[in-house]
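Please read the structure below before turning to the comments.
First chain written, first letter: the chains are A, B, C and D, and each begins at residue 1.
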Amino acid sequence: MDWNRAHRYKMRVRYADTDQMGVVYHGRYLEWFEAARTEMLRDAGLPYKELEAGGYALPVIEVLCRYQRPVHYDDCVVIHTRLAEVNRLKLKLEYRLFVQEDPALRIEAMTVHCFVNPNGQPVRASKTVLEFFNKIING
Amino acid sequence: MDWNRAHRYKMRVRYADTDQMGVVYHGRYLEWFEAARTEMLRDAGLPYKELEAGGYALPVIEVLCRYQRPVHYDDCVVIHTRLAEVNRLKLKLEYRLFVQEDPALRIEAMTVHCFVNPNGQPVRASKTVLEFFNKIING
Amino acid sequence: MDWNRAHRYKMRVRYADTDQMGVVYHGRYLEWFEAARTEMLRDAGLPYKELEAGGYALPVIEVLCRYQRPVHYDDCVVIHTRLAEVNRLKLKLEYRLFVQEDPALRIEAMTVHCFVNPNGQPVRASKTVLEFFNKIING
Amino acid sequence: MDWNRAHRYKMRVRYADTDQMGVVYHGRYLEWFEAARTEMLRDAGLPYKELEAGGYALPVIEVLCRYQRPVHYDDCVVIHTRLAEVNRLKLKLEYRLFVQEDPALRIEAMTVHCFVNPNGQPVRASKTVLEFFNKIING
């Protein structure tokens, strides 16, 4: 799944997202990436809520975030999300964050998630679930 | 329970708490009041976690907050919390927030909580629980 | 301005908005009301950012929030916002929060804001600004 | 600076920090690491606020976070923070997060910061500032 086919999620920066440096607080982006991957899954046909109803959760086990340029109050943000890798134990998502009408990359990030059951124990994804994610990767 | 006997909770303002106006974001205070009442309960001998283990939760059903003066990054905040009223259905807490060594009131607030069971249904507090809260009020 | 003419703002509940009770954390709603009033102003023709560029800010000086029914992860939320009162010193906004396709009121709230200059000093709104807000009220 | 000499910061998990999975939301830790490094600087003799008054800010330009084990409501958290590297352009901090009285590592993390001036432009740290940070590293 290359970046041209990445999912796009749009949102607006709130006052609550900023800090006194006048830019978005670095921790906030993690919430936005959560929203971005949630909409990617929904648009691919499997809302995260249904995945949970099916007995899986996908907690974040690793985050990497590089802050290239700041984002400001009221900016219209576009997050590109792509599923980079998946196997029966975990999956990796990548993100690129832009401000609308500006091609300069603001933030790039990566999250790794593992499959767990409702008790939080690591499990292997079923073939059906794995196929679903592979279909996202292969288009 | 008058203000002289109110519980005191101290904390430091983080960058994450501020917004681009250079002051604490107005929504953040609700998290701080949560921390303040949690410590009040713990100091009174009943940690909220044990209350939950006993089958009760105390969700917030009303909040009133008056922002008199701003609070800034790195300020040392002191929150005075007092239990104002309690009956078998609900209780009311009041808060006054100061910055250390400054007598000027920054924020005053009030939260109302009802007793619910683990399914979120309103319930009547047991006599034991009611007595516990009454003892906090009467000292 | 009656509720029929209230502004409508739609959004989706994130995982980040929930707490371990399985519902939206009570403090989060204040961020949502901020987003709702920001879009109300934008749709009325005066983005908050331009108001700031014009030398005004509208800090929250009072919040009242009544939590009638909980809101859950992935709910599609609709916030109705109306400008209830305005004078040269302050304005009052009212909010009603629903989950899409459910007529039951979840949360109702009110925020009061005063006009301040870039240094945070209270000021009187200009006639132009006052007229702008009156036009929102009168439709 | 090895881990034995790392700074220790203690705090309590709030309800506001949790999500509906019953654990701390992964984005929250970044706020805690901010608090931890702020107290490390204060204890070393240079509060971040004074660094800002001296014309420097230290925005986060990279975050890496590995979530090994979950953290829960009301847990007493201890964050070990160490300054790993510094030069005139940037510095790197490392974090290890534990729950009190449990030796199992919960979270490990790293933040990279660059020196910027009040306008957010990258600058070279003065010799005095560099020496200050080197002294923290060398003890």
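We adopt the following convention: a residue touches a chain if its C-beta (ideal position, glycine included) is under 8 Å from a C-beta of that chain, and two chains touch if they have at least 3 such contacts.
Keep in mind that this is a model prediction, so the values were computed, not measured.
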Winner on C-beta contact pairs when A-C is weighed against A-D: A-D
Which listed pair, A-C, A-B or B-C, duplicates the contacts of B-D in over half of its pairs: A-C
Euclidean distance of C-alpha centroids - chain A vs chain D, Å: 24
Averaged-CA centre spacing for the pair chain D and chain C, given as whole angstrom: 35
Approximate Å spacing (C-alpha centroids) for the pair chain A, chain C: 28
Chain C residues counted as touching two or more neighbouring chains: 15-16, 21, 23, 27, 30-31, 34, 73
Interface residues, chain D side, partner chain B - complex: 12, 14-16, 30-31, 34-35, 38-39, 47-49, 73-74
Interfacial residue positions of chain A with respect to chain D in the complex: 21, 23, 26-28, 30-31, 34, 57, 59-68, 70, 120
Chain A - residues contacting chain B, complex: 15-16, 18-23, 25, 27, 73
